[in-house]
Amino acid sequence: MQKIGVFVCWCGSNIAGTVDVAQVVEAVRQIPDVAYAIDYKYMCSEQGQELIRKAVADYKLDRIVVCSCSPRMHEATFRKCAEGVGINPYMVEIANIREQCSWVLKDKAEATAKAIKLAKAAIAKVRFNGALKPGESQVVKRALVIGGGIAGIQTALDIAEAGYKVDIVEKEPTIGGRMAQLDKIFPTLDCSACILTPKMVDAANHENITLYTYSEVESVSGFVGNFDVTIRKKARSVKADMCSGCGICTEKCPSRKTPSEFDMGLKNRGAIYIPFAQAIPKVPVIDREACIKFKTGKCGICSKLCPAGAIDYTQTDELITEKYGAIVLATGFKTISLDKFGEYGYGASKDVITSLELERLTNAAGPTEGHLVCPSTGKEPKKVIIVSCVGSRDVSGRGKSYCSKICCMYNAKHAMYIREKYPDVDVTVFYIDVRTPGKGFDEFQRRAVEEYGVHYVRGQVGKVVVDGDGRLTVFVSDLNSGRKLMLNPDLVVLATAVQPSPDARKLATMLTASIDNDDFYVEAHPKLRPVESPTAGIFLSGMCQGPKDIPETVSQAGAAAVKVVGLLAKDKLLTNPCTAQCDTSICSGCLACTHVCPYGAITGESKPVITKLGVRETRTVAVVNNALCQGCGACTVACPCGAMDLQGFTNQQILAEVDALC
Amino acid sequence: MQKIEKLLQKRAAELLAEGTVERVLAWHAGEFFYDNAPAAVSSADECDKLVYNEFCPANLCKYLIETSHAGKKTAVFLKPCDTYGVNQLLKDNRIKRELVYAIGTPCSGMLDIKKIKAAGAKGIISVSVDGDEVVVNTAYGEKRLAKADVLLNKCLMCKGAAYKIADEELAEPLPVPQFTGDKFAKVKEIEAMSAEERFAFWQSELSKCIRCNACRDICPACSCEQCIFDKPDTPVAGKAYADEVEEQMYHIIRAFHVAGRCTGCGECARVCPQGIHLELLNMKFMKDINSFFGQYQAGADSETPAPQVSFKQNDPEANSAVEGREQHV
Amino acid sequence: MAVDEKQLTEDILRLAATDVRRCMQCGRCSANCPEGFKMDLLPHRVMWDLNSGHASELLEADAPWQCLSCMACEERCPRGVSPARVMEALRLLQIRQQGNNKLPAESVEHYPSDMPQQLLVAAFRKYNK
Amino acid sequence: MLEKKNFEPKIVAFCCNWCSYAGADGAGTARKHYPANIKIIKVPCSCRVNPLFILRAFQRGADGVIMCGCHPGDCHYSTGNYYARRRMTLLLSMLDYLGVAGERFRVEWVSAAEGARFAQVMNDFAEHIAALGENVKLRDLRCKK
């Protein structure tokens, strides 16, 4: 006879406030095989676990049902507790009476009845639980970082410093990312390049780091500890090992019509180009769509001029396959398209720019060598208006519902460095709210007002009208005074909302990493596991997980690195024992299962079997590789004869639950 | 037909005599002239007892599982529709190609004795085919019936004279019943009924079932080593009434299990002693597979992945299958 | 009798059928309003009064009568709120609140006989309590 | 009529562990109400749901069954829900064909981030089932008097 112990948690008042826990205990005590049942205030606490341990010893329990919060919270806790007293951890079932019951119901009688049902279903299932033992799998001691911005670089450096090999895949021709485009950074107002470029050099020179620039991840298979990744190294048309980076090709290239991505289109670049002076690797790349040689077959100037003979028009994409134990996503962000925000006049006037464009205009290495000018006239502006929340906090469907988080700080930064360099320029920031939490952040914003004389006016800009001779009129309400204003600035800067890189969704599908409605990667737990994806072995670093500034990105990058190192430090991983099992005595060898297995974990093998009638024979049957099986259960339904079953979720267990609930 | 029967006997004997095969699967006479049954012969001398005429509807391919299992190379006479079953068994790994010697056997449609009797023929002595007509020789004289009216139901869904797999062809193909209508016509008719009518129809059909398992035993797609209905430790167990779920769901589950593997041979309905229109369940799945996932004919070859173990990213959403359908309480 | 602010707010919201609670006081409605210069209360302020329980003041306001229903506020609102519909609701409530029917039934016979029935019915629905 | 008024439909929801079960947790965390008579069975993936489980639930007296999984393309196991979708398309069509329970079974994709939507989907489904009333059809399919 089975001896089932049922432990009902109050979760303080979270459960007990809505569910009559004593009644649940009373009800389950009536069920045959339930040898012991009790309720307790906090079952997950040390005292609660002690209660379980003692009950197991006193009543010789062999199965445990805990009625508590979601198994996603504390299943592992209770399994570990069971293991401590000699019960196989897979003999534990959780009835989720918090998230599925007390938290969604108000009526106590109703909630209590549901809790009893859920407990009964868990008891029905646990009767069929079997002792399971996890298998082991090797860990490949190499990590992959996707994205070579500050997040990716920092993560890679931290992993490399811990002594593990790490590869960075960056889709642009250089690492550096968005931070390389910035001029100065808050809250210290130091030069972005001065602190980023040494890190880029460190990454390039580190013996444990391999850079794959101008490369993209093509495909991913495998699982935590054993990912197989194919990387597409796009053809640069320049032999990286021969190029000296002299840049003569980029100067002499006759194609000059392509807007520079790095300079946010404020300047044109050649068809062969190095994005910026400190690029790493400092090897040019030919943009084949812009290159006259590729378009017409004539030209070839770069090849003629190259002193090293490094130009190679015949280069093709190269596919590299590598095994990794862990993958870090650091795919960063872009600003949203302003196509749906015609009222701001972006596109209608060159003097309406985004904040990222302003960064290039004020950057000493930028298209104007740091002179702030109106793009339309080339003259210095006299009056600048900065508009916050452009496309952020917008639920109308045109923008993003979230706060982009970094804008309030960089608006203050921009206002400050304009006022510092050009004290005559009048700068006004129109805002809805100023959100500057963070160490030294609010002080920073106040400095803009108090020391730099930046005007802050509460009220979102309604529209920017561009008249025939290019003059800008900004319509806005000063909400504090209730006055309606019409202003004529020379330059309007739009603090445009950020959004994840467009590649995020594609990668999420490839890696089976979860993604939210805005395409940000979802973390395994918002508070307790913020740098891990719910998919084992996938980690998150930087903006790809949510808007964040550089200090936060760097902290998260370090945290992700620590998580990766923690994984790579293990020689073996315990695998999920809830894998498929084939009953070879009845397997017909149709191998339908092999077609649906996403992991190639099932193969057909000719094996000696004993049939149900006791006959020994050799025939083709399905064999599951438990190290590869991830336990999805696709095979169990594809199997026509029911030979395939999934441990932990067997047909019997699920049907027992169905019966208990119906 | 008599010519083909002679050829069949001759080829069977030759293949056995020269040792190409160890066994031959064909048909032999039953108690009456119209109930020819499957026969397995393993010596050339026995071959003269083999028969072939318009009363050999049985699809022999399922017996290949046994012979393949036993490792005996076996020749099998296959009507065009039977060849689909062989391909399906090959796809399901149930038989070994090298142990099968497939002989394409011409067919121009098999006759249904029940239909002949129902047409008023009494005291039947023999039946022969004369072009589009069937000549029934009875104790009360000769009676002529239109052949199309007395074909087996399964022949009304004839898939054509082509053999989908054959190591040799016994003779030139015969003209097959030209089926001009829509093979899903009956399915569509049921689909067009009101929900109440559909329920009433199926309640009346399925309540006839006596759970003899003949449909399952004849079905070339029901080729499992052990049927889930015979698995005592699953909650769907037992030939006898053991559990109301499997009792009530038997036909739905069976149809689901063979969906995408059923070649539409119609044997299930043919052997059903209660005359349940089982083919209408299978045909429904075939129609749905075609319309939801793209044209597919099980057994047309042995390679194309089956619809239930493949997918397209833009497959229709499940709920769309019943969207716009009449709802009832 | 003191005005029941809560009831009044509910009435306005029901008539306006727009979720004013989503308003985050960015002021884009006021910034975009072409008639804002003439209004005693700018649209964002109307939203504010509704959300802060001062709806009764709105029944005295002139702003609703300046509103052109051009819908610029609704178009540009990042939160999907429609101040224009609130303005319309306020107009209706102001009319009703005054207690005098703008269309007494007795006057119908004086209307031109070729006036479309539909217009008459619609006008009654709108301006008659 | 009185009986119908007190009718409390029994609804079973099969939820995949990675998206929909997490979505249900999300509904709980956000205190989004949905009826008590909806009971969830956790499966690793929607592809683990055997059509037999659904038939079994109906046969044992469930008035509605809903299967939830990750949105197509977002399956934790890459492809599981694509197979599930095909299977359930066929099952739904067949139930409808038999004149039983076609309208009592539904497939919905709910992601881990869609707690509020989970509650919404459940409320809609519960309302739909309540309107249909008690499910007796499947039980009676082989009970012609």
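A few notes on this one:
Per-chain residue numbering starts at 1, and chain names A, B, C and D are given in the order in which the chains are listed.
Please note the rule applied: a residue touches a chain if its C-beta (ideal position, glycine included) is under 8 Å from a C-beta of that chain, and two chains touch if they have at least 3 such contacts.
Predicted model only: the values in this text are computed from it and were never measured.
Minimum number of contact steps separating chain B from chain C: 2. Greatest Cα centroid separation from chain D: this falls to C.
Centre-to-centre, using mean CA coordinates, chain C is 44 Å away from chain D. With centres set at the average Cα position, the gap from chain A to chain B is 54 Å.
Centroid to centroid, with C-alpha atoms defining each point, chain A and chain D lie 30 Å apart.
Contacts with at least two other chains are made by no residue of chain C. Shared contact sites, meaning residues of chain B that touch two or more other chains, fall at 235, 308-309. Each of the following residues of chain A touches two or more other chains: 596, 638, 651, 655. By the document's touch criterion, interfaces exist between A-B, A-C, A-D, B-D.
Remark: chain A residues 585-592, 595-596, 604, 611-612, 617, 619-620, 638, 640-643, 651-652, 655 touch chain B in the complex. Interface of chain B with chain A (complex): residues 69, 91-94, 223-228, 231, 233-235, 257-258, 261, 305-306, 308-310. For chain D in complex with chain A, the residues that touch the partner chain are 10, 12, 18-19, 21-22, 24-25, 27-29, 31-34, 36-37, 39-45, 47-53, 56-57, 60-62, 73-80, 83, 87, 111-114, 119.
Chain B meets chain D in the complex at residues 187, 190-191, 193, 195-204, 206-207, 209, 235-236, 244-245, 247-249, 252-253, 255-256, 259, 281, 284-285, 288-289, 292-293, 307-309, 311-313, 315-322, 325, 327-329. Residue ranges on chain A touching chain C, taken from their complex, read 343, 389, 393-399, 432-433, 458-463, 475-477, 479, 482, 484.
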